[in-house]
Structures are given as C-alpha cells and as structure tokens.
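Naming follows writing order (A, B, C, D, E and F), and every chain is counted from residue 1.
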Amino acid sequence: MSEFGKSGIVKRNVERADAKAVERLGRSGVATVHEAQGRTGLMKPYMRPVWPGAAVSGTAVTVLAHPGDNWMLHVAAEMIKPGDVVVVAVTTDNDDGMFGDLLATSFRARGGLGLVIDAGARDARTLAEMKFPVWSKAIHAKGTVKATVGSVNVPIVCAGMLVHPGDAIVADDDGVVVVPRERALAVADAAEAREKNEEAKRARLAAGELGLDLYAMRDPLAKAGLKYID
Amino acid sequence: MSEFGKSGIVKRNVERADAKAVERLGRSGVATVHEAQGRTGLMKPYMRPVWPGAAVSGTAVTVLAHPGDNWMLHVAAEMIKPGDVVVVAVTTDNDDGMFGDLLATSFRARGGLGLVIDAGARDARTLAEMKFPVWSKAIHAKGTVKATVGSVNVPIVCAGMLVHPGDAIVADDDGVVVVPRERALAVADAAEAREKNEEAKRARLAAGELGLDLYAMRDPLAKAGLKYID
Amino acid sequence: MSEFGKSGIVKRNVERADAKAVERLGRSGVATVHEAQGRTGLMKPYMRPVWPGAAVSGTAVTVLAHPGDNWMLHVAAEMIKPGDVVVVAVTTDNDDGMFGDLLATSFRARGGLGLVIDAGARDARTLAEMKFPVWSKAIHAKGTVKATVGSVNVPIVCAGMLVHPGDAIVADDDGVVVVPRERALAVADAAEAREKNEEAKRARLAAGELGLDLYAMRDPLAKAGLKYID
Amino acid sequence: MSEFGKSGIVKRNVERADAKAVERLGRSGVATVHEAQGRTGLMKPYMRPVWPGAAVSGTAVTVLAHPGDNWMLHVAAEMIKPGDVVVVAVTTDNDDGMFGDLLATSFRARGGLGLVIDAGARDARTLAEMKFPVWSKAIHAKGTVKATVGSVNVPIVCAGMLVHPGDAIVADDDGVVVVPRERALAVADAAEAREKNEEAKRARLAAGELGLDLYAMRDPLAKAGLKYID
Amino acid sequence: MSEFGKSGIVKRNVERADAKAVERLGRSGVATVHEAQGRTGLMKPYMRPVWPGAAVSGTAVTVLAHPGDNWMLHVAAEMIKPGDVVVVAVTTDNDDGMFGDLLATSFRARGGLGLVIDAGARDARTLAEMKFPVWSKAIHAKGTVKATVGSVNVPIVCAGMLVHPGDAIVADDDGVVVVPRERALAVADAAEAREKNEEAKRARLAAGELGLDLYAMRDPLAKAGLKYID
Amino acid sequence: MSEFGKSGIVKRNVERADAKAVERLGRSGVATVHEAQGRTGLMKPYMRPVWPGAAVSGTAVTVLAHPGDNWMLHVAAEMIKPGDVVVVAVTTDNDDGMFGDLLATSFRARGGLGLVIDAGARDARTLAEMKFPVWSKAIHAKGTVKATVGSVNVPIVCAGMLVHPGDAIVADDDGVVVVPRERALAVADAAEAREKNEEAKRARLAAGELGLDLYAMRDPLAKAGLKYID
C-alpha cells in the first residue's frame, strides 16, 4: 500500500484477476456483482457511460493523473495487456477532456478494452462509433497539457472507490464496480448463484405474487410497527 | 393532511383521479399540462427518464422511504391498482438504487404503469428492454436494506412537489408533473384547449410570422423601454 | 464593449463571421476547433445537447434574458438571419424552460439553425423529431413570463464564455465552442491542418505504435523524474 | 389544500400556532424538535443562517414568489403579525437576493421575527448587525424585479418541506424545522421530555459509560452479525 | 478584446479606474453598486470571503491560470500597483489552493489590497489573522505546480463575469461586483445617490410604513390580478 | 487490505501512529503537511469545520456506516483511546446528522479528540461551545436509525481519501489531511523543515522581493514562451 497516492512511479509487473472470472463477472453485470460481493465496490453514480449500451469487464491498469494533464495516459498505454481496462484518478477534482479517439485507438491497438476516468472525455461521437466503452464524470472538449508526472499501476481512489492494479472492473449502464483481484473468482460464483435465484423470483413476481409473501416480509413489517388503515 | 411525513402507515383506500382524464393528460404531455394548470405541479428538473422516450400517465401510489432502504416499495406493490404510477419520496437526500427489474416485474404484474422516484434506480438496461418507464434522480446500482418502516399512500413531497395519493402523474422527456386528483378533468380540458390554440400558432410561426406580431408584443416592449439601435 | 450586460437594447446590424469559414469549422467539430484556437473558447461542460447527435455551426445572435422570462427570445427571432445560432445568457442562474417547439418553429422559419441556452429547454421530444439542435443547461418544462426587457445582440457571457454577436458558434456531442468573428477563417485553417495531422497519427497508433514514441515523450518523462519499477 | 401552488392570492386571516408552544419549541431547538415529532419537518440542509448564532421561533407567513421577483415579499409585510416568521418559496430554483436590510427593517417594524427563504438574501453584514435572523439558500447581491404576482399565505413547499401559513417555524444553527400548527403543543411537550431524558444520558456518557451499555445495544449488534476481531 | 482567453501574455501598462471613485464604490458596498449600475457586474454567488467581514475595493490586475497551476500568480505580483486587487480566472473549473499566506505577503508588499479567485485558497486562518481579504470558490489546501504559462492583464471571465484589467472591483460579505473602468465615476455617483434615497426609505419603513404604500404598489398589484381573500 | 469496505467487523487492536509525531504534524497544519508528504493525503474540500478555528491532530479510529444509520458510531466509542480522532465513511452519499453533542460527550469521555465525517453533524452550536472539533460534509439535524451493522477499524475511503485505522489525521481551517501511520515521523520532519524554509521566504517577500526572483522563475517562464507587452 506504500505507493498509494505517490506520483512518479510506473509499475510494470501487475498480477491480474483471473481472465475467465472477469469475463463471468461481466456477464453478471454491475448491480449483481455489487450485491454478490456484499454491496461493496461501487464507484459514485456520477460515473456515466459516454454512449448508451456500453459494457465492459476487464482488469485494471490504474493511472494517477494531475488536473488538466493527461501525460500519464500515454504512459499507461504501454502497460496495457489484452483484457485490460484503464482506470484514471486525478489528484483533485477535474473535468477536462483527458481522453479522446486517438488514445482510444492506441489503447485498443494494445488490447485495451475500455476506460474509466474520474474526469472528462471527448470525441464522444467517435468513441460511440468506435464502440470504445468509456465511463467518465463529464463529457468535455477541454484539452490538456503534458507537464507533470503522475503514476501508473499504483493503488488509487477513483470516484470514491479504492482500485488496485489488476483488480476486476465491471461497467455497464448501471455504473462501475471494482472487484479485488483475489476475490474475482468467488464473486463470480456468488453473482451467478444470485442470478439463478433471481430468475425464479422474477417468474413468481411476474405471475403476480407479492414480494411481501415471496420474501416473508409481513411479519417483520408488523413487528416494526407498520399499520394498515382504510 | 395529518399524515404528511409520518412513518408507519399504509393507507389502503385511495380515491384516484378519473382514469379517462388521466389518459387525456398523458396525451397532452408534461409541458402543456404544467401550463394548463397555471404553471404549477412540476417536479425539479433533476428527475430524468431512465431511458429516452419513456412516457406515462397514471394515478399516484405514494411511498415515503428511508435512505438506503427500499422496504416500503414492496409494501406499495400490494397497493397498486391497474393504472397506477408509484411515486417515491425519501426522508433525506439519497441516490441509492431502490428499484430494479424485479420490482418493475412485480409492479407491472399488479397493473402498475411506471415509477417516479426521488432517489436512484438500477438495472437501467433491463428497464429499457422491458419498456418500464422510470424517472429518477440517479442511476445507481447501490443496493438497499429492508430495516425501517416508512409509509404508503400518505401525502409526500417528491422532488420539490407535493403529491397526494390518487393524484394524476404525467411524465415524459420533459420531466414529471402532478395534477391534484380533483382538478384532473379541468386541467385535461384546459390542456387540450391549449394544444388546439398552439396548433394554429405553430402554423403561423412556421410561415415566418413573428411572435412579436402574433402575440402583439411590440407595444409592451416599447413601453418597457426596449430600444433598437443600428 | 460598452453594451456588455446592459438590458434594454436590440442591435440590428451585426457583422457576422464568414459563412464559408463557419461551415468549415462545423466540419472540424468542437474538440478540434477548441485545440486549433489555442485551447480557448469552450463553454462549461454542463451545456449538453437536448438530443444525441445534434451538431451545428453558425453565427451568433446573442440574447441577455432575465430569470424565468423568455421575452427576449421573441425579440431575437426578428434579428435572425439564415445561418444564425441564437445564444442565450441569463442575468442569474436559471433552469426554466425558456425555449420549446413553437420558438424552434419560428427560429427555423427565419433561417435559424439552432440554439445554445444557459438555462432550460422543453418539448425535448418534439425538438428531437424536428431535428432542431439545442444545447442547454437543463431540460425543464417550467414556463416563463414575458415581463422584463433584456437585450439582443450585446456581448454576453454564456456558460462561462464571452460571446459577441456575429461570432462563430460550433456545437456537437462534445459541447459548445465560440470562435471570435475575426478569427473564424484562421481557426478554420488551423483546425483542418490539425485534422490532417491527426489522421496520420491515428494510423500509427492503430498499428500499435505508442504515443510515448510518436510524441517523443520518453526523454521528457525521465527528466521529469518518472521511474519504472517491477 | 386547493390553494397549494396557486399564484395571485393573499389570504388575510390565518390561524397561528399557539404562541406559548412556539416559544417553548424555540427553546428546545431544531434537532430536538425534529426528533420529538418523529424525525419529520426538516428543510434541506442547504438552508443556512446568514450570520452564525441566529435562532428564531415563530409562526409562518408563507410567500410564493417567482424567480428574480420579490414583489410578494412587500405584500407579505402587511400580513405580518407580531411573532411571525416569513417563509418564502420560489416557483423554480433561484438564488437571487430577494431580501435585504430594507425589507428586514419593514418586517421588524411589523413584528416579524425573521425570514426563511429558499432563494438568496443580501446585505448580509447589515442583517448581522441588526441581528435580524435569516436562513437562505445563498447570499447573493443580485437585485430583483417587481413584475409578476405570486401568493401570500397559501401552502408552499420550501426547501423540500411543506409549510402551511400559521405553522410553527424553528430555526437555528442546525437548520429549519416546521411543526404543523395543530401539533405545536404536543411537539413542545415531547421535545421537553426528550431534553430531560437527554440530560441524564449526557451525564452518564460524560462519566465514561458507553452508549453500547446505556442503550443496551450489545445484544442487537451481535444478533445483527457484528463480529469483534483482534 | 483580441487578447481575451489567450495564454502567454503579460500586459505591463494598464489604465486603472480612478482611485477616488474606487474608494467611494467600496464605501457603497456590493449590493448598492450592483443596483447603481443597472443590476449588472456581479460574480456568481459561490464566490465567498475566506474570512467573515472581509471587504475591499481596488483596481483589477487580471490573471488567467491553468488548472492546478499557480505560476501566473507569481508573475502577477510584479504587475501589482498600490490599490490593486488581483482577479484570477482558470481555463477550466478547478478548486485547488492556488493562493496562501506567502503570496498574500508578497502581494501586500507590492501594494495589493486583496484577491478574487475562481478557484481555491489556503492558509485560511493566517489570511484571516493578516486581514488579507480573499474571495474564492473553495478553501482547499491542495498544492499546485508551476508548469504552464497563462496570462496577466488580459480580459478574463471570472465566476461568470467579464473583467478587464484596470476595472474597479468591489467585494464584501455580499460577494464581488465588477465596474468597468470607464464607468467607475458615474457608478460611484449613482451608488451614493441610491444610498441617500435608501436612508429616507429605511426611516419610513422602520416607522411601520409599508413598502406597498411607500412604493405605490397596491394599484399595480391589483392590475396584475392579485386577490385578497379571508 | 482484505477488510476494505466490509460490513460487520470491529477490529480491536490497532497500531497507531507515533503520538509525538502526530502532535508535531498538528503544529505544522494541513497545508504544510500535505505539501510535505508530496501533495497527497487531502480529503475533498467539501469537508469543513463545524465551527471556525477548530483544529485537531490525532490517530484514526475508522468507521464504515450505512446511510441514515449511526449505529457504528456507538460501537466506535468503545474503541477510542486517548488521542484518537474518529473518521467516518458512509457506503453511499448521505448528509444525515449522524453525530451530535451526546456522542461528542461520549467520545471525549473516552479520550477522543475530534470527528471527521463524510456525512452530516448536528448540535452545531453545542459542539462549538464544547470546543469539540468536527469536520463534516453538512450540518443537518436529520436523525438516524440504528438498524444495520457496518464496521469499525477497517480501511475506508472518506471524502475521497484512503484512511487506515491508526493513520495520523490532521485537520484545521484548511481541511483534513491523512498521513499513513508508518510515514508520520518522516512527514513531521519534512513539514518542520518546510516551515523553517517558508519563514525565510516570508521575510524576503514581505520586504518586497518578488517570487519571480526568489524562486528563479524568470528564465523558465521565458522558455515556456511568456511574452511581456506594453
């Protein structure tokens, strides 16, 4: 943990979450994965997909950037391995457009699957046409400088959530969730179990059965003091 | 009004706005209905449809929930009658994902037409596929507990607007408007009159006539001191 | 500059940016134009298109309005010439729906190409169907009065950016950028040069070449103290 | 309730909460009163005193104003009776400085004790010197017009809370709480009982006893699954 | 105006607003000056004094800075003449602490009277002890780099308002107002006339006379449709 | 790190930062400590002291709470050792008043020195009178339930910053900074060195020397392209 928040470091070798588990997490989706790991791991809800329908799961290459400066995203490109998602934190709140279609082209050429950035992105239309998935705090054309070094592959806090390099990242229309590398397999299992369980419930609810009965809530509600009046 | 803001109550019998009037209000749409009732009834503009093109009109089943707790939405499901829209207020600002595809399935099975929630929703993609219309303050996967009782069918303030159970709710791409139950018919009439009136104006404006002339504004503008310079 | 911020004035004769240059700026798009003029001219990122895919370039008719009052938008309609985009500032923060389909019909009939408003717009669905491009701070059905005079074609600050009547306005999915009238041609040239340059870079990045090498960043990064660790 | 949200009405005769109960509520303070009435009645926390240490309790004269227009505050002045607090809602979000030292002078001369406004106030320094207590959403010098009629003494929603004319208003450093007129006495009783109860608890906590023991929480915590580790 | 928004320029010679007029504007205060110049010139209300009671009037040295970079504030120090207030805009939203007690010491040594910054300030306590007046968007300890050149003494937009070098700046508890250099004398006259006028009104209002009568509002209110009910 | 974000755990034994180092950090203050550890460790600037002049340094007892639920603060009280500051994160954004004068009394009785909470606090006036220092996101009287278990002394993200139990916490008018436990001594040394260095600079700046000369910036500015014009 000693590299948390430090500028000036690029870590080359990163152990990544199991690729198969990451793929399975992606199939389960953000809401299910979040529940399956005990309602943890979600980034703040201001993180939204740049284009609707974007969805990705991958392993994190982390970036710590400075406000108005996207230098480290170029450094990160070299660290990308196939299956990675780049996750960018900034040392202070910033909405500048640190990422656009050129970097997307570069990341994809290196095997990068997507981007999660606690700042702005631009070239929104081209990113949609390329189907390169991006979650950001803002869409903003504001250009950036390349003047101050940050870090790549150090632990970061992105949109309120701790991310270590190599963690599993799942993102879709519901937001972004982080699964610690070493828990990826267990959470994938739990998520699939949850999905199976939900399928049965969905059928019963669709048939008109009430959650009150399905989840046996009437008794606890009465004990908690709920009164029905006419 | 004595039940305003009170927790622990479920009111079973609610007089609802006239179904035919509610349907007519839906055809007029939010902006027209808001104007037709004297520019009142609008919720705050942060209430946005979860998927573009969503539109609904119905009668309100109201819910008062606590932050991070969606227990009362399950209680509300039982109170839904065909044609209802569930309207959820929280006792404090909260963005958690209190509503997803399972509750949507349940609400629909009971005849519920949609949801308006001053909090978060999740399973955004599935809600869009189901074409279940939802207006919310946020899209957020954050899961909730079932621990504290609120109320169903008490008067609430949702996104800045007072809602009584049984009021007419109209929602579309322009937001959400509330029409008090007893005014639904009169407002439906006024809205349709307004629409007819607008149709004629639209044609004249499309032909190049100026609003300045159509609405006879030149004189009042001059009296108000407007000066033209070159 | 003496008319900046003044209410009660309509300026009839406005010199406009060169039409051909404005069209070329539109083809380059917001992000490129912003970079091409030295990273200036962008409005704040809260200005978003009312419907996805909206894009426009035109010359500014400026409006200074008062909160909750859209009177000056009717006055502006008369000042529109073919190729214009109306740009609206308000004397204080306000989200009301100052603009809807009737005004869009009128503006289009006069040759207006679009609207940029630091306030709200409504009739979102109809605007999308009409393909009338609008960038706004909010979508809000809230109706407005016609009671207080503002100005048309005075310099304004809209969403943080200074706009003079006749300036070139370019807007797309990435936001809104303003190009001063007298710089339109030079910026159009610079933008096209930049695009050509980017095309070559895109090909090299797509082939897997790193930005680190393409932009010769390795040396400056090392000098700035960046360390690689394993 | 039929006057909720309506413009153009001034209600002269308003039944007010019991003066003695209102005074007692003021002595209990916002946090205690809020708890004593079942954790209801609080306005949103963005309502802050213009000067630190401000505190007031009184009966509500309600005002519905339009954005950027303080005409109705002058109308309200005539409706003030000794012991009143003026509570202002606006038909849409607005931060303009609708209230300053002249209106404070006028309100005080009529017996008004303070102001709660879901908009801006100005002359902050003079208000502090006058010791006229004001809670507002903003401090903003922005001047307003007098052009559009709203209402006085109709039910309003102010900062998210429903207020009827004559309700008890309690405000201090912790914010603003509304007590429905007819509940003022009962809530005053409950608040004082709560205070007495808290006094005893404070002494025990100050002596080092833990809330865990004082409130017998250890058992429920264990049942809820809390685990202690070393 | 051609230098608006341009980086890389320091303008040495700036014509300043008349010193005597600036002093008189300061005595009138922000709210009065804003009204006296036709309700224009106010910065957004998020600009707050770092310590209560701060008040200043002076002539603007303008700074255009980049996010997270306070290099230009050091450049500005050399441009300060006695009676100046430094006004800082950033090319994008940024809250970093660009200014602290060392810069305050330097500015004061050069004759600088205060700072207005659309970003963050730090050393809040020391600034208060020094009685160096600062208005900022945030108090934030975040340190900044010195890497990218901006400009000094070019026109800027600060907190939504256009500022030219040499303009009069008045700031107090009510916020910040800008008076164009060439209007300083006329506005000082108008402000003092307004104050005199207000003094008389204050006395009449304090004596219980209503604004309704003092400003002859009863007739216009009735014409606007206001109804009194019992 | 495996306990990050987990609910249901209380860790009893926590190694704390060196008490003497923590005291020295407090004397240096937030801005200096932040710089001294390489511009890291700051919480977001929305964390503000509940009363002006509050300042504290201590060792962290961390709390993970659920929205609207302050149960874990009572659990935390038992874990406090003299010299501790309690630091509270919530699993989602929440402004409720989780902390007031009773908990402050309890914490102080256990040796607790202060509170940092990414939520609301109440009893603002009493906290000021007690001189119990609190930094919070909001002042809000909203009461909370005691229904869902979180954790005590697990790693948390509070206001955007990672905090481990036992870390050094320094808070004053400039905000809140976290120093990792094992770095406390080194940072205290660096902070004091920095202060000494600043003292000398302050004297030179006070004498009118420019930062441009003191920091030898003229050359780098010229190289970066800065031009002086008249």
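Operating definition for what follows: contacts are C-beta pairs under 8 Å (C-beta built on N, C-alpha and C of every residue); 3 or more make two chains touch, one makes a residue touch a chain.
Quantities reported herein were computed from a predicted structural model and do not represent experimental measurements.
Over half of the residue-numbered contact pairs at B-F are shared with one candidate from B-D, C-D or D-E, namely C-D. One simple way to say how far apart two chains are is to compare their mean CA positions; for chain C and chain F this gives 41 Å.
In terms of their C-alpha centroids, the spacing between chain A and chain C amounts to 31 Å. Counting only residues that touch two or more partner chains, chain C has 39, 91, 93, 95, 140, 142, 148.
Across the whole structure, chains are in contact as follows: A-B, A-C, A-E, A-F, B-C, B-D, B-F, C-D, C-E, D-E, D-F, E-F.
The touching residues of chain E, when paired with chain A in their complex, are 66-69, 91-96, 140, 142, 145, 147-148. Every residue of chain B that touches chain C in the complex is listed here, in rising order: 30-31, 34-35, 39, 42, 45, 48, 53, 172-175, 177, 198, 201-202, 205-208, 210-212, 215, 217, 220-221, 224-230.
Those residues of chain F whose C-beta lies close enough to touch chain D in the complex are 8-13, 71, 74-75, 77-78, 95, 97, 100-103, 105-106, 108-110, 120, 122-125, 128, 138-143, 146, 148-149. Residues of chain A that touch chain F in their complex: 1-2, 4-7, 38-41, 44, 91, 93, 155, 157, 160-162, 164, 180, 182.
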